Amino acid sequence: MNPPMSLIEAPSLFSVDGLVGVVFLIMMAITVTGGIIACNSERLVRAVAGLIVCFVGVAGVYYFLNSPFVAMMQMLIYVGAVAVTISFAIMLAAPEEKMKIGTSSPLVGPFGFGTAALITGGLSVLAVRTEWPVMTKINDGSVKNIGIQLLTNFSMVFELISIVLLIAIIGALIIARAGRDS
Amino acid sequence: MSIFTLYNNLNTFLILGALLFGIGIYGIITRRTLIGMLIASELLLAGASINFMAFNRFTAPDPVVGQIFTLFIMAIAAAEAAIGLSIVIAVYSHFKSIDAEDTVQLKG
Amino acid sequence: MIIEKIKLAFQDLFPVAEPEVSAPEEKAEEPEETKTKKKVKTKKPPRLNGVIECNYTVHGYHLDVQVDADQLLDAVSIVDQAEFFIESITGVDWIKEDQIEIVYDFSRYDFDTCRVVIRTRVNRSSPVVPTITDIYAGANWHERETHDFFGIKFDGHPHLIPLLLPEDADFHPLLKDFKA
Amino acid sequence: MSSPIQLQPDETFVLNVGPQHPATHGVLRVKMEMNGEYIVNAETVIGYIHRMHEKMGENKTYPQYLMNLSRMDYLGAMGYSHGHVLVVEKASGIEVPERAEYIRAIMVELNRISSHLFWFGAFVMDLGGFSPLMYALQDREHILDMLEAVTGSRLTYCYFRFGGLYNDVDDEFVDAARRFIPRMRKSLIKYEKLVTGNIIFRKRLEGNALLSKETCRKYGATSAVARGSGINYDVRKNEPYSVYPEFDFDVPVYHEGDSLARYMVRMDEIEQSLRIIEQGLDKLPDGPIMPAKKPKLIKPPAGDYYQAVETARGNFGVRLVSDGTKIPYRLKLRSPTFSNMHLFDETCRGMMIMDALAFMGSLDLVIPEIDR
Amino acid sequence: MSLTLLNVIIAVVIAIAFAALNAAYLVWAERRGAARIQRRPGPNINGPFGLLQPPLDGIKLMAKQLIIPGGVDKILFIAAPVLAMFPAIMSFVTIPFSDTIVAKNMDVGILMIFAFASMGGMSLLFAGWSSRNKYAMMSSIRAVSQAVAYEIPMLITTITVVMIAGSMNLMEIVHQQSSSILHWNIFPLLGNSHNLLMPFSFLIFFVCTLAETNRAPFDLGEAESELVAGFHTEYGSMGFGLFFMGEYANIVIGSCMTTILFLGGWGCPFGLFPGVWWFLLKLYILIATIIWIRWTFPRTTIYGLLNLSWKILIPLSLFNLLFTAGLIKVF
Amino acid sequence: MVAYFSEIYNGLISLFIGMGVTFKEFFKPTVTVQYPYETLTMADKYRGHVELIENDEGKPNCVACGLCARACPSGCITLAGEKPEGAKKKVLTRYILDFTRCSLCGSCVESCNFNALEFSKEYNLASTRKEDFIFDLLQRLEERNK
């Protein structure tokens, strides 16, 4: 699955493999750009747009990780549900004047950037330095296997997740209702 | 190692995950509105999911577990978004603001 | 019959002896073809307040009530209690007598037909009458329109801005001395 | 359906519906203060095509003013001319030959059908259905063709004269009108199937914009607006004029007071008008269409005259104040839609915008007629 | 993987061509059809039967100035029409038109279509929001709440079909019902389940397709008598053109899905000569029905629409799901 | 529960009935006139703008009495005539119809006692210039005679 680096020939840009690589690079770029837009744009709606772009990129990355199923679920859930919910909240709750981000103190920006850079750098160094053990696969990770595992080994978690979702929906309804009545 | 074969390398994904995580952290710190923070936290979750998927693809023996975990994270994220946004709306209709600092007084 | 009822109700508004004064005038108006030419020439005495029962087939209404501006609300209340609906409000500019007449038309949804015209006259120099929007909500636009066309101020009207004329109109086109 | 919600004044915004908006059918403007989809407050702004017909009346002789009346309401012009002609005839004591009266009634009813048909199409189009408009226009076209062949024009007829008519009808017209009646009845069945029975249509209109009798009275609403609220009022029956007492017809009244009731009243009125036309054609007497002594100069004696007629849009009244000259001293035109439209501001509060616009459609607005 | 990716790229090009051609000529078909229903001739001047009308309209739209009104959020304003067209085109990639004509046969084909369909709602949202127009804003909120409400019964119904077929692969689903009309999922008398309620499933799915594609009687987004033109009020030129084409591309996708899930895809009703022509025939009959419906019915209200979804479609589809599950367990 | 299902059922039926109506209409022939390509013949009594009637000699019947100009509500007729020496009647020298103000009421034709005016049957008058609608009827009469 993960052959040693030396064995892979560097493909040229115009070969099929090269094209695939380019697509992957584009996906990465989309992801990071989307993330940056999501965290830096002044208007919240643009932030949501950035989030969507980022999630489409992440879905593409998942596709490269051999799991189209998760990639599609990513789009379906994040783009179709989460992003729409957030947009709704923006429209319902935030008048436009208040959507600008402003930092309460000028130090917050650099501080945030520093912390983020530290964490990113640390994690990356850790990731690269560590020797990850590679084990042989016991199945191909197809949708069918996911289904079987979900209903056997992970059935408890599956049920719990269902309950969590149910409670979340009911809770959300109650909170939003309470807010309206006041 | 060519730049075109990056997708065959575990480290690429791990660094990408770390990047997203870092962006999310930055967003959470700098954003003042609750919705902005929520968006940033979604990025954090995405970064974590990418790590799960990457290990799932490159190292784990059973390539199903990581996917299932990612699915669970998505479910949690959706639930979180729903709850978070209903809180935002409730807060807004109470304080007429979703700025986190305007809402520090937690009395009824 | 509703006409008698209304007529009686209206007569309470006027001090005694009014009906007798109005009666001969009604007679003077009725002969149609023959006396018209003479009548235009002779100067009519100003009509006194009071109720006149008109010939419906000629004039198209049953009761013609002329009141003072300060009696207007009472008069309109009478028709309101008798379940009349408001047809229209308009004005007539009697420039020779230096007066503006405001005419209120009322009618009923009933088969017991009765059309009532309530008039009031005000001076051209200070045309102010009380509004009836509190009694008939639908008088709102009619009064605004009359304000547009005649410059009559409806005292107490909630929103007396030009309706049909431009927002900044300060002219009153239906006055006889209006020249475009 | 549209229940009022709790409103917070700082969350409203002003939506400017008109003067150019597809639902207002002309240059009507409604300033709506909205909370989301709900209307908090509405203010109707009219007067964009105000032409001061009343002042024109004070500057033209009686015959010259005739054609103004058909410009008031471009859909039901006949009825408005009828009112004007009647009041002047009443004032100056002109006798109208019987044949002319019958033809007038037939023409007014035909015109009423054509007006209702156009309203029907436009109303369903307001609700988002496109084809009924075209079907309605097809039927209306038959009426317009008939009227054109007699009167010489399609919309602004200017057909009535003091004492009679401009043109006599011929057998061709009578035949065409007779052929039209069964055709229209068939079409009514088609509309019933296509629109009236349609569940989407009914769901939208049932319970939409309830008008009480009291509201109608306070605003002076007439026509289908009043009749949809259970008020049995039709000038043709309550204060019969012309030859209407000769005809056997019903006044459709519905008691629900919602938009569907107003719709049903108008659709039933088409059927009643067909009945009147049928009887009119049967009874149509021979004879002249103008009085033997054609009135050359019209000078009504001084006085105050009023005549109300039932037009397609309701109770249209003309007040004529004459000073005995050949020019009216004052001519007041009481337009029915003016009163009907006035209802809108108060009634649409708390409604959703799409319900409010459906309600506006059900009022059968013709803006030139409001603005005069 | 690498070869398939190239296939995908080629397929995308074909899909764009197919989508654009369909969109253009569906506009023509809609105008002609509407005209026939209303007893008019419709566009018949340019070319035989007015067939040159769509390209000429396209040229006209492209020749127009691209107006970006002041005060709009430019990036989102420009991105929205692209976003309207993009998911529809992407969805074409996985649709099997016949045994052989398919760009990329994915195991999760259904999911892919729904994933991209969910992006369509975002396009309306952004278009309406960025226009800075109150009508557009109201329209976009309507359109999204509508999309959310109708995605649920649509997904539940799709799951019912997936349960019957036992696969999320569109090819596989068609193969399941390929033998004869009795195997079609609209009335699966033969095959995995013997579910008599499937015609209702079909109706629910079809209604949801109408709602998801913002077609009459559910075209609340662009309800022209209320909201002027809804979310694309401020769009002119090709921005409008893209929305317009996106709408028709979405119709094609919706009808393709209906054909595949319920009408046996490219299968012939009597089991012989299956082929791409059967697929296209069914597809265009469905599209014609959609056009026919649009020119027959008035528009619903927003609450009527949500009531229909939450009070009728969702309970019925849930019941149908459980019923089907029971049937599959029994047989 | 029964009401719930019967409502759905009746609703569906009503929708199908409606679709049946439009389906039938689909196969009926079109009824419209393709405007610029087809034109209609107008009814005999159609009131277009006015034209002068000529007598046997090709001269207008009009005696320039001016009744029509006085009857016109909008004042769109201006005419002039002169009395040549020795002639009994006046002769029309100028007849201008300002069609931009005309409301096609027909008062002019009605008021004419000399059978000098008639309605034209022209209905598709269109122009972008105002001057095109100020007709010189005498000139039009001459053009017709050519």
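To keep things simple, chains are lettered A, B, C, D, E and F as they appear, and every chain counts its residues starting from 1.
Everything that follows uses one rule, which is that a residue touches a chain if its C-beta (ideal position, glycine included) is under 8 Å from a C-beta of that chain, and two chains touch if they have at least 3 such contacts.
This one's a predicted model, so the numbers in the text were calculated from it and none came from an experiment.
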If we look at subunit A and subunit C, which chains touch each of them?
none
Subunit B to subunit D, fewest steps along touching chains
3
What chain is the most remote from subunit E, judged by the mean position of CA atoms in each chain?
C
Cα centre of subunit D to Cα centre of subunit F, whole Å, reads 25
Cα centre of subunit B to Cα centre of subunit E, whole Å, reads 32
Hey, how far is the Cα centre of subunit D from the one of subunit E, in Å?
43
Check: subunit C positions touching at least 2 other chains come out as none
Touching two or more other chains in subunit A are residues 17, 20, 69, 73-74, 81, 88, 180
Subunit D, residues touching no fewer than two other chains
131, 135, 138, 194-195, 198, 200
Every chain pair in contact, whichever chains are involved:
A-B, A-E, C-D, D-E, D-F, E-F
In the complex, go through subunit A and note every residue touching subunit E.
16-17, 19-20, 23, 43, 45-46, 49, 52, 56, 59, 68-69, 72-76, 79-81, 83-84, 87-88, 91, 142-143
What residues on subunit E touch subunit A, complex-wise?
1-3, 5-6, 9, 73, 75-76, 79, 106-108, 111-112, 114-119, 121-122, 125-126, 129-130, 137, 141, 144-145, 147-148, 151, 168
Give the list of subunit E residues in touch with subunit D in this complex.
34, 37-40, 134-135, 138, 141-142, 216-217, 219-220, 223-226, 228, 295-304
Listed in rising order, the residues of subunit F that touch subunit D in the complex are 10-12, 14-15, 17-18, 20-22, 25, 31, 42-47, 71-73, 103-107, 110, 119
The residues of subunit C that touch subunit D in their complex are 29, 32-33, 36-37, 39-40, 57-61, 64, 83-88, 90, 92-93, 103, 105, 107, 109-111, 113, 115, 117, 136-138, 140-142, 149, 162-166, 173-174
